[in-house]
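Given below, in the form of structure tokens, are the structures.
Next, two complexes with chain A in common: one pairs it with chain B, the other with chain C.
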Partner chain A sequence: MNPFPYSDEAISENELMFAIPSTIMGVSILSLPRKLALDTLYSDGWISLLLAGVFFAILAVIGTKVASKFPNQSYFSYASTLVTKPVAIGIVIIQIILFIGLSAFSIRSLAYISQQYLFEHTPMEVISLSFLLVVVYAVSGSRAGLFRLNVMFLPIILIVTIIIAVFNITWIDLKNFLPLFKTDMKGYIKGFQTSFEVYIGYSIVLFYVGLVNKPKKLTKKVIVGMSIPIISYIFIFFVTIGIYGNMVTANIELPSLGLAKRVDIPGGIFERIDTIFFTIWTMAIFNTASMLLDVAVLLITSIFKQIKKRIVTFILAPIIYYLVMLPQEIHQVQTASILLSQFMAYFTMVLIVSLFVIASIRGVGKNEKKS
Partner chain B sequence: MKKNRNCFLGICSLLLILTGCWDVVNIEDRGFIIGNSIDLVDSANSDQPELLVTNQIVIGSGIPSAANEGGDKKAFINFKTTGKSIYKMEEEIATISNNTPFYEHLTTLIVSEKVAEKERLFTNLLDTYLRNVNLRRGIQVVIAKNEANKVLEYTTPDFPLPAMHIEEMLERGSRETGLLSPTTLGDIEEYQLNNNSYVLPYLELKDVLSYQAGAVFHGPKDKMVGLFNMDDMLALSLFRGEKTTKIIEAPFKDNTFTLQINRLNSTLNVDSSDISAIKINLTLEVEGIIKETFMTEDLSSQKVVESVQDEMSKEISKRIKETFTKAQKEFGTDVFRIWQELETKHYEKWQKIKDNWEEGEYYFKDAQLIVDVVTEIYSIGAINRTR
Partner chain C sequence: MVRSIMNRRKRKKNSQPQQHKYPQNLSKQLTSNVNNLKQILGEPHDLKIRQLKLGEGNITCAITYIDGLVDSKTVQVSILANLENAKQLPTEGKELFQHIYNKLLSVIHVEKGKTLDEITLPLLSGSTLLYIDGVETALIVDTSGGEMRSIEEPVTETLIRGPREGFIENLQTNLAIIRRHIKDPNLRFKTHQTGRRSKKNLVVAYVDGIVNPALVKEVERRLQSIDIDIVLESGYVEGWIEDSFLSPFPQIMNSERPDKVVAALMQGKVAILLEGTPFALLMPINFSNILQSAEDRYERWIIGTLLRGLRYFAAFLSIFLPALYVSLLTLQPGMLPSMLAFSIAASREGVPFPPLIEAFMMLFTMELLQEAGARLPQTIGQTIGIVGGLVIGEAAVQAGIVSPIMVIIVALTAISNFAIPAYSIAISFRIIRFGFLFASGIFGLYGIILAYIMVNIHFVNLKSFGVPYSTPFAPFFKRDFHDVIVRSPIHQIKDRPEYLQPQDTVSMDNQGEKK
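Our next item is the complex of A and B:
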């Protein structure tokens, strides 16, 4: 198989805008309403969701500002300028491990949920291997191609989600939303923390801004990119609460998938819309998993410049497969994912803020621009 | 050239992998299960009673269609198994049927009255239906008098499938005669998690299968406690303001007349200042058409219509009060969902009384209902009177 040669390997601003929601929205979308309903009362979870979203959008903008001070430089090279090379190597290695772990977790979740809902008798090893092969194929090819896939898939994912919500409108009971604002501060904070897991993909701006071709309105595009997952999450949360109410949402393992199964429209065909939902959800996970893996590959190639991208991908593939099959039970997967994502959220938070502070104090980026 | 050949060989070798599908089941081999019923066989062991589960599987060739007359062939087959775990019994069908049971099209679940009356049993039985990812939450749940499996054998000439017949009947019944809309598995899960009381359709099989009553479930007690008759069901539906057509009879000067209610607007206000005597204010605005009358009054006169409206209002409010008293004093169940009004609008008060609403201190028992009905007749039909 030869990779298709694109005329340009750079990505555009718009492609970055699409890549952000594609990376953020993944596995968590299915269980998010349940987790939030557990932390907060009635329909109050949206507040935590919105606050966390705005918080991470601000971080993403700060990250973009830092990265755009060093145009056409890789993350590793500007991080080395800011915090010295040995420290930068340490940070990058931690990030590589995190991204590989998260990518493996996405694949494992997809395999688990597909086995639950679609292939009862197919071994999980086979499901995850076949999915991993597709992801590896996407990553080993052109990076611009991967970004264009995001641009293609994201609208489909969003449109189908909206269609499912519209079909469910008849089942929404407005009384389920009331009473408003009864959660105590502790509940909101808990929900805020839970929401960390669903936004972690935002840190890709650090790595990809340097690759953007002729950035003009980058900050604006990043904000738009961040608002897509925020709005989608709140929308899905509201629809789930409206239909099931807080108690039931907290009790259903994957409430968003339940929405697709709830659709009941005369005619028969639309009753099976859960299969379509499953397809687009697989596409969403594919985007997430391949973007996360691509970040890991990008970081490795930025340290070891002499190794080819494809070779790195092929070396990573068996490692990821091992990680995918490592946890035995679903509880282990969940614990691992919570640990990984919470650690990643705090790590990236601290990292972006300190990079920004160092860059501002030393004024490195600006000096370089002037000279 | 060489590259092409390698490519070809590669694609051919993929075929070997593609044939190995673990989950292949041909559609002819699937047994589409559309109805389930649960009966109690032996309740000697009260913790784990013996149950009889009936699964209704469709036989495609038995359904009459343009190409296939159907005729004497039955369109369904009922498999019965007994045991203690529902899931195990359902899997056992594979041992007596030549088809793989397929539950995604299950539409109706019929539970025998005896099962529903046993404490906690009904809730426990629903667990398997909710846990199984292949089942839909939109399954309609009904209670049957006596044996539930007999209901799954009742067919009409135009509906060869009993489970489908029940589904249609429930939907039509609620749309056209104002009975409660069908309750689904997902709704029941919500009621049970919240510890709410609720009403399920109650079917009775005599000469025909009829839906004329409702089975009242007590939330905290977690079992069926009694029956609502047709009038109670109508009153409950009026109370909740369900937007369906309703037909109601009322006496007027020794005669009766029948009103078809087309529009209904119900407003509920709860005054919780004194929790030991909660005041419930229900305002109903009813708009309807006179459908039938045995009286000889001049309906074109404003005065007569007004007095008819007053009589109607009195009748509606009397019926609602009767049903409310029945639910309150006899069953002790808040099927009117007054708790929801308290929870959403009087949250702090509700936090104090929520554990003692239908049990313990039993605040619901002392609640007072004030009904205020306004009836408007906007059409008297095509004629004034028959003589």
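Our next item is the complex of A and C:
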């Protein structure tokens, strides 16, 4: 018996609100300005970022609407109601693979970057294994605990990001922003597509809305949650472009970390703040990786109800480790993760829209019970 | 989960504990009663028996008590003298018994006992027994007293400003001290008996109407599960009822400061006081409680806030400083400004060990010194300070085993650790400090952040009586933040902590009326 019901396994609305940006913002933010700068001219990338962000925010809201039609039901069970069980199993299996893959690739990217930035001699295998073990430790604990971790880490991450940006403001050259709107339509669309991969985490609403305890203003919270990464991305993009200009940004591998490099702490206690920034950013990548893995675990346990969550996590761990170590070169990782995330973006897009359409046409869910 | 496995294993053993129970009734014969008692206790010489003849009927009666447990003045003045000076006593046993019970004993608490079981426990707790020949009932007169320590300033938690009284080993006195602070009729003391053989009184204290009733139920449920023969100190109780015995962090706070206990009770917590120990247990707690000192509220709020901030910083240094130093020196040397890096490198010239080993050796020596200092008698205790200071500070550096900067780091770490108000959490910090040290020795900053994430994972999963350890950060309680990082001015702290889900949420009646 628990004297404090709030500490039960249920997730609160606010925790979901924190979880959305935590899942979305991960490794991709480090290279995002470069990719956008490649696709668009001058500072125009923000338009693609914003449009993609709004687009996915709308999708997230639609997903929330679908999921909240079936309160206290798992994703698998309401998907089965909507599209029959065999189809739902197929969809869920595809999603499990996608989430496991994305989780693995984010771990691999982290290991790669930390090898670049923090230590050269430690083997990649050890770096990624240690990180994976921490992720497994988190996921094998309680799910509410995982959400609480998001709540605890996100403010730290955002504050550090803002500090980095603020320290850089003096370096911004306004000439770098101008001229505006020079990109052609093709460039915008390309940028729009590139932005897909930084927003894919939004689809967690599909899986977690059912677990939210007493939702009241869920849509609003989801919108707030979605706007945090949109604003942070645009903010970071602007600062990077403002400092480096489009050309340089397009040629730096991780421009966001480059920002941190320029920070000079008055008093000179530390140099090379990018190390600290990246260390803090490890927490963001941890949040992403653990949430993605948790989704996979959640989906598996929703199909195989008799298997315990902890056991699923332990079974998945070696598979993920194999996936992490599978690509030989970092380029392969990048290509694979771009492919995966593009596929996932389209897949989820179609999925959410069709679920919504089916739910509306058939009128199932909460509305049905009322009438 | 682990606990359930252990319980299962215990059940397999299935050895029923030997119960020492004497449900036997008292007999009419006084001599046999006295002899029975002697036999049960093994004729100890501290069992005092005084037989006397009363009244015209010359009825024999016996007064028995255990020397040292009773207040002998009470026995003499309020029992013995009264009996001897009494006149016109009834001549028949039963009437005499009633007469004594009703009129002759000038002691407030008198009971009747009919079985050996009923009388031995009070006797062993300091009551005096009065047998009368021909009556199957004995009178149990509460005369408990004897020597006890006087109320002194608590040794483990000293304050500059605040009450100077601390709990003592006597339960009644401790309860009285609490009562003096809270003159509310809703203050509840529920007594339990713990320990199959020690049979110590244990009191669950809470303020009815503030506390969450489910919490009290849960505490009592766990207390009832205690099954050991002796409960020496409240640490036994803590170990039995805490949520996770694998965690390095305490989930129950202990304190020997009555004011701290009272403050906790008024917030809606539950306190457990045990006979024979000055340490009371407070539950539930969360991480932010642990770095708060009672004094935060006694000083003005600016000072309280700043000192609390200082303590948070001290906690940070206490855990991270050696690890950060090692990682900056070995894996991330680029982070140090070049001048500082040079001066550190120069000071490390000739040091034969890598920074990790050096730090570990010094920290380990520090731990040894602390432990030795705690065990030594106070008079010799100072010597260890001098020896330790010399060993750590001078000789080691002179001998070239450690660098002077490492000495500074270790000293800073130790000092920071002393700034943490609760010993039980300070010691947890000392444990995880080593974890961080090794993590940073292997992975540098990356290792530190991984270890930090792991501690956080542990925090969000750890609960203290159902309260997540990470409250009020996550689950987030906005209103509780007036007393977490900032200690708001006293008149701003209107609400009791929300994470405790108290019945009465507001601590101010006029300003903070419920909406």
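The working rule: the second predicted complex is superposed on the first by the 355 of 371 C-alpha atoms of A that agree within 3 Å, B and C clash if a C-alpha of one lies under 4 Å from a C-alpha of the other, contacts with A are read in each partner's own complex, and residues count from 1 in each chain.
Keep this in mind: a contact is a pair of C-beta atoms (placed from the backbone, for glycine too) under 8 Å apart; a residue touches a chain by one contact, two chains touch by 3 or more.
Worth saying up front: this structure is predicted, and the values here are computed from it rather than measured.
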item	value
Which superposed partner A:141 touches (first chain B, second chain C, both, neither)	second
Which of chain B and chain C A:56 touches, first, second, both or neither	neither
Touching partner for A:192 - first (chain B), second (chain C), both, neither	neither
Touched partner set for A:119, first chain B, second chain C, both or neither	both
Contacts of A:251 with chain B and chain C, given as first, second, both or neither	first
Touched partner set for A:282, first chain B, second chain C, both or neither	second
Partner chain in contact with A:237 - chain B first, chain C second, else both or neither	neither
Chain B versus chain C, judged by how many residues of chain A each one touches	C
Touched partner set for A:207, first chain B, second chain C, both or neither	neither
Which superposed partner A:46 touches (first chain B, second chain C, both, neither)	neither
Doubly contacted residues of chain A, that is, touched by chain B and again by chain C	118-119, 122
List of chain B residues in touch with chain A within their complex	21-23, 133, 136-138, 186, 189-190, 193-194, 340, 343-345, 347
Of all residues in chain A, those that touch chain B in their complex	116-123, 126, 175, 178-179, 182, 244-245, 247-248, 251, 258, 261-262, 264
Residue numbers on chain C that touch chain A, as the complex places them	212, 214-215, 217-218, 221, 331-332, 334-338, 443-450, 453-454, 456-457, 460-461, 463, 465-468, 470-471, 473-476, 499-501
Chain C-touching residues of chain A, taken from the complex the two chains share	1-4, 6-7, 12, 14-15, 114, 118-119, 122, 127, 130-131, 134, 137-138, 141-142, 144-153, 268-272, 275-276, 279-280, 282-283, 286
